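Below is the structure I would like to discuss, written out as structure tokens.
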Amino acid sequence: MSGRQQQEMQNVTLLGHQGVKYPMTYTPEILESFDNKHPYRDYFVKFNCPEFTSLCPITGQPDFATIYVSYIPDIKMVESKSLKLYLFSFRNHGDFHEDCVNIIMNDLIQLMDPKYIEVWGKFTPRGGISIDPYCNYGRPGTKYEAMAEHRLLNHDMYPEKVDNR
Amino acid sequence: MSGRQQQEMQNVTLLGHQGVKYPMTYTPEILESFDNKHPYRDYFVKFNCPEFTSLCPITGQPDFATIYVSYIPDIKMVESKSLKLYLFSFRNHGDFHEDCVNIIMNDLIQLMDPKYIEVWGKFTPRGGISIDPYCNYGRPGTKYEAMAEHRLLNHDMYPEKVDNR
Amino acid sequence: MSGRQQQEMQNVTLLGHQGVKYPMTYTPEILESFDNKHPYRDYFVKFNCPEFTSLCPITGQPDFATIYVSYIPDIKMVESKSLKLYLFSFRNHGDFHEDCVNIIMNDLIQLMDPKYIEVWGKFTPRGGISIDPYCNYGRPGTKYEAMAEHRLLNHDMYPEKVDNR
Amino acid sequence: MSGRQQQEMQNVTLLGHQGVKYPMTYTPEILESFDNKHPYRDYFVKFNCPEFTSLCPITGQPDFATIYVSYIPDIKMVESKSLKLYLFSFRNHGDFHEDCVNIIMNDLIQLMDPKYIEVWGKFTPRGGISIDPYCNYGRPGTKYEAMAEHRLLNHDMYPEKVDNR
Amino acid sequence: MSGRQQQEMQNVTLLGHQGVKYPMTYTPEILESFDNKHPYRDYFVKFNCPEFTSLCPITGQPDFATIYVSYIPDIKMVESKSLKLYLFSFRNHGDFHEDCVNIIMNDLIQLMDPKYIEVWGKFTPRGGISIDPYCNYGRPGTKYEAMAEHRLLNHDMYPEKVDNR
Amino acid sequence: MSGRQQQEMQNVTLLGHQGVKYPMTYTPEILESFDNKHPYRDYFVKFNCPEFTSLCPITGQPDFATIYVSYIPDIKMVESKSLKLYLFSFRNHGDFHEDCVNIIMNDLIQLMDPKYIEVWGKFTPRGGISIDPYCNYGRPGTKYEAMAEHRLLNHDMYPEKVDNR
Amino acid sequence: MSGRQQQEMQNVTLLGHQGVKYPMTYTPEILESFDNKHPYRDYFVKFNCPEFTSLCPITGQPDFATIYVSYIPDIKMVESKSLKLYLFSFRNHGDFHEDCVNIIMNDLIQLMDPKYIEVWGKFTPRGGISIDPYCNYGRPGTKYEAMAEHRLLNHDMYPEKVDNR
Amino acid sequence: MSGRQQQEMQNVTLLGHQGVKYPMTYTPEILESFDNKHPYRDYFVKFNCPEFTSLCPITGQPDFATIYVSYIPDIKMVESKSLKLYLFSFRNHGDFHEDCVNIIMNDLIQLMDPKYIEVWGKFTPRGGISIDPYCNYGRPGTKYEAMAEHRLLNHDMYPEKVDNR
Amino acid sequence: MSGRQQQEMQNVTLLGHQGVKYPMTYTPEILESFDNKHPYRDYFVKFNCPEFTSLCPITGQPDFATIYVSYIPDIKMVESKSLKLYLFSFRNHGDFHEDCVNIIMNDLIQLMDPKYIEVWGKFTPRGGISIDPYCNYGRPGTKYEAMAEHRLLNHDMYPEKVDNR
Amino acid sequence: MSGRQQQEMQNVTLLGHQGVKYPMTYTPEILESFDNKHPYRDYFVKFNCPEFTSLCPITGQPDFATIYVSYIPDIKMVESKSLKLYLFSFRNHGDFHEDCVNIIMNDLIQLMDPKYIEVWGKFTPRGGISIDPYCNYGRPGTKYEAMAEHRLLNHDMYPEKVDNR
């Protein structure tokens, strides 16, 4: 079979191994990366993660969100099964919505050193109000830093209709 | 549990206390704030509030709206349960739609001194017409003032379909 | 102008009078009726009421719902502006969702003595769960009693998608 | 050209004549019929009429609705351009929503003597409430009378979502 | 390759031959059938045909519709490419909407002698009104005749929302 | 009650008076304004008007549209009930779609002298085609003139899906 | 305040107490009930629960679902906050989708002894396939047993569109 | 962990083993079953399978469909990963749409001997027409045979809107 | 009647005349224009044309599309009934999708000499793929030429979801 | 027939020939081009391809996606049937999502040497996460290179809602 070869994927230890344990505490070290085969080009990769859940740090009640992660890779790319397990590790973790998206982005910057990245969380309501934090990042001193500022400046000018149903 | 600790939240008196009284008159002083843990980064927080209701100042009839609040925090952030109680305090308050969104934004600026903030109200129809006021603000003398002007200039170029059903 | 004449509407005191006061407590006596001009035929009238709000009897927090009322008139029909004011009178009233829909239906039976009536409330979520009570009624000892049983038996076999957003 | 021939359509005086005057008062006599070419079979014809408007008999304000008409023809069928002009004639006519649908159905029964017919009006809201009357009819003493009762019994068990936007 | 073999398909002359001419006049004889491999079971086959167009017999203007055909086969089944060409043959044909659906159903009964069949046309509006005729058929003297009557009796109790946009 | 006081609304003669006559001819002088309480800030007000109807100047047939009006107020703001009555006055008025939106905008400029305004009409189809005219205006010699040019330049790059149903 | 009084709610220990602990293992005993105030009438109560999550018993991976619960109460009704906590207790519980819905229904029958109840789970996909189990129950030896059979017989004849996005 | 235990699942060889080979030809023998833990109750299980693809037996071109499978289990239930692999085995298999759904249902009857089962395939269009076959089955000589006839009789009376986009 | 007068429309020969022949071959000369009454202002007019059909030049099979035309008029405007007849004239015309939109735009430039114009065709699929060509034009040597380049540069960055159903 | 002539299409060998073999391995050489008849103008062509399927290079499981391709042609244009066959050739090919979109774009650049091109893949979820890679290209040293950078900078600021159902 043509395409990605197994030898290119030696750092990928989780994909294709179903016996892997799901982490019960916040575990950023479970994230794995593989090499970008198209470093000659800037392009976007987006992950849609509608199965995110964490706990409220004050009341302990569960929170639910869809997390959207988009980035422009440089040398490394995040492997999707490790991302899944990483997001799972928030399952019994307590933090504010605004903190979760910042933490996720910080961990992915640490892993991949991407040119650009953004994270948007869209949470279900508590007390009739829902919260959607959004953060982004461009590598300092490069044009991607200006890109981050440009995208923040133009962020979400058409809020989606939310009626709590 | 990792994440936000209780000692970081000493100013938060409403969240986690269900016995709190709902205010029966317009009560901006009920708003509470907590500290931004990510002041090193500009990022957006959006609140979706589909359960807003006030009264018409002329006829006394109830008005209903979804209020969208988006802001870039500086030092302080608004706590969501206090925001819920604050919005509840418009329940028996009479004001025009255009005034409500301006007042809400003024009160949140007073509370948080944010870098940037915007408020959009989408009201249900009266007499076959519905009104959707939108206002925004960037801290004067900073790049956020230009941001506010840029976002107003490009505001709502795709009005959502409305058919009163 | 042909159509309904003013003399047919002598019991209708609220429609066309905008100075009417909005009742601040639960006020079933505000409901008004007018005569059915088509008593020779069974037919349905449905009211869609997406602006219903009441209070939780335990916590005092506001609840929001869309209320659907459908009925087959006999001699009397409910006038829509009085229905609006009646539903408004729940604004500061505390009751469980399940009780509200039963009370509304009981009051409309009292007013109109309809052949058949049903009331469905679809509330916004609290704690991640939303509640949708439905009750109906057919005049006892008539075929409409069997109609009520038939419609309950077949009620809501396709629950609408709810995702709290 | 095969299909309907012009000589079959001698009673159709409005279709294909664009100079026809639009009637300024309620004008049931403008309705025209043509012959059913498939009288050997029971089948349904539905008209979707989203451009209906009339006036409130008390306040004079305009009302708007989508009217759905469905029928099983016997000998005669209603011609669609005459139906359009007939519905136009309610434009300056004042009547309650509940009366309009009954009148429309009565006039179409008078014109066509159909085996079965039903009319459903879905109006836009006034005062936050919208009204959707529905009536039907089966020719007395035939199985279509039972059909009408059956369809009324099972009418609208899934009210469409209405949020006034 | 397992599955349908070429020798089973000897009457199918159009599928797989792209040079076939599109008929320029109404051509029911172009319809082709193949054998039902599952005659031991009653089952439904539905065709969704959103690309139907014909002409108005009075004005010559084009009409557009989505045609839905559903049937329970007995011995023969209609081949889909021949159905496509047959429906194409209405392209320059003038007939009323109500006649088109009856003609289509008659031709398919003639071709397949199905146990049961129904045809529903949903046309785009002319003069602000759209027309949706529906007819059905069950083989006379069998239980499918009662099936047709049952389905007509319960036809389209939830007309889809139409707003001409 | 806090909020807008009656003495601020002395020019508002229509709101709260239900006995007002609906004008039967084009009546721009019925428009009323009130004072902007937030002149220290640029902000948008949008009216959604899905109940607009006029007549074709050539054929006399009725036209239907949703009209969207958005503006940035300076000193004066248009009162919504007077806007409703003004739009009603097109009911028996004949004009092309393209002319209606220009006339509405001209009249509102005359009334309010706004900093910026735009009007978009989305009409229902005639002959299978629907027409959506859009015009805008920025006060000449101000930055709002450039704003109008910018918004026209970027207008409607994602036409909404229209299928006439 | 009229409506439900506190003395009617003595068995309700969780609602209004935010300090309640979230159970970390499957905990059916946390369910609480209160008295039905309308036992003279059969009516439906539906809970929409889009925030359900459990674990796969074989692989340990998280599963997500919306759970719909509908029932006709007899003497007792389930209190919604206790239902929320009960469903939370599946968070670290491993079971097949088909087992979860049966267990939930069994526990609610045990708590309330309802006349009728049904539970429908709609899970997110694994391996490109999603599973939606549905079970129901009518009290044996009553008409509600026949009701359960009737509703199963007619269950889900219009599967919702699923495309995994 | 409570719930399903590993020893109950001894016949399940594919779930939890990611190294399993995907079959390259039609392979009904890959289907696996496990025991129903709730045989005391009739209930439904539905599989949504939007990733089905096969080949046209005449032209070799790929076909795509969403397959819906619903059944009432008796003793055995189909394991979902084996179902996934089984459906994958049509990937290079050529058959007509109408044959595919019948074959899938026959193989599942062979595996599970269910009380009731139905299969609905909704294919993407070829030549502007799409085909949606539906078959069902109730165990002969039981009430489930009548159930199958009842559900076929009432099948798909509201065809979903299809516009090929 | 105020508004457009008949004497302003002397070049409009098709609107209001229903006896006009539909052209059977590509007929650009049928297009008619009328005068722009608002030449003092740049504004947009959009036509939504969901009833376009042509033929494939290679296979002769019919193609279907929605065509969107938007332009800024200078002196002349295209009359909509003539546009309808012009688009009809592609009914038996064979051309590639990419050519059709370019030809339509060229003919409208020839007719109106507009300041700016764009044409977007969205076709139904053939072989599982659909094609959506888009072209635009600004009058050379004016700011509208830059406008065309700007709009092409930013064209369609959010392709609508297409699933062929 | 006017329009594209056969002699213009001599390089097109696949369209109109249904006997063409579907390639069983990755086959970029199957792509065919034809001449652009409108080289005097920059315009966009978009292909919507919802029937893309490939294999995971690690596990062999099938992947499904909708692929969107948009480009501005120079001299050559890709013929759609050859594009269909080319995309089919990924059917048994194993590669990561991120690699597939880059490979497709590289092959189309090789074929057509377009001024500008972009490819967006939207895949169905695996393990609860879906991946949507996007890449683009502008001819180096031309304004289209800046265009590519501009479009990447503004890419996908409104991620579509994804809930895995």
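Residue numbering begins at 1 within each chain, and the chains themselves are lettered A, B, C, D, E, F, G, H, I and J in the order written.
Assume a residue touches a chain if its C-beta (ideal position, glycine included) is under 8 Å from a C-beta of that chain, and two chains touch if they have at least 3 such contacts.
Quick caveat, the model's predicted, so the values are computed rather than measured.
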| said: When I count C-beta pairs in contact, which pair ends up with more: B-D or B-F? | reply: B-F
| Of the pairs B-F, A-C or H-I, which has an interface that repeats that of G-H (more than half of the contact pairs shared)? | B-F
| remark: Computed over C-alpha atoms, the centroid farthest from that of subunit E is that of chain B
| query | When the centre of a chain is set as the mean of its C-alpha atoms, what distance in Å lies between subunit E and subunit I? | reply | 32
| Centre-to-centre distance between subunit H and subunit B (centres being mean Cα positions), rounded to whole Å | 49
| Cα-centroid distance, subunit B relative to subunit E, in whole angstrom | 55
| Which subunit E residues sit where two or more other chains touch them? | 16, 18, 50-51, 55, 59, 61-62, 64, 124-128, 130, 154-156, 158, 160-165
| request: Show which residues of subunit A lie in contact with subunit C when the two form their complex. | output: 61-62, 64, 122, 124-128, 130, 160, 162-165
| Residues of subunit C defined as touching subunit B within the complex | 18, 21-22, 50-51, 53, 55, 59-62, 64, 88, 91, 124
| request: Would you mind writing out the residues of subunit I in touch with subunit J in their complex? | output: 25-26, 55, 57-59, 92-96, 98-99, 101-102, 125-137, 149, 152-159, 161-164
| remark: Contacts from subunit C onto subunit D in the complex sit at residues 1-6, 9, 12, 15-16, 36-38, 41-51, 66, 68, 70, 72, 77, 80-81, 83-84, 120, 147, 150-151, 154-156, 158, 160
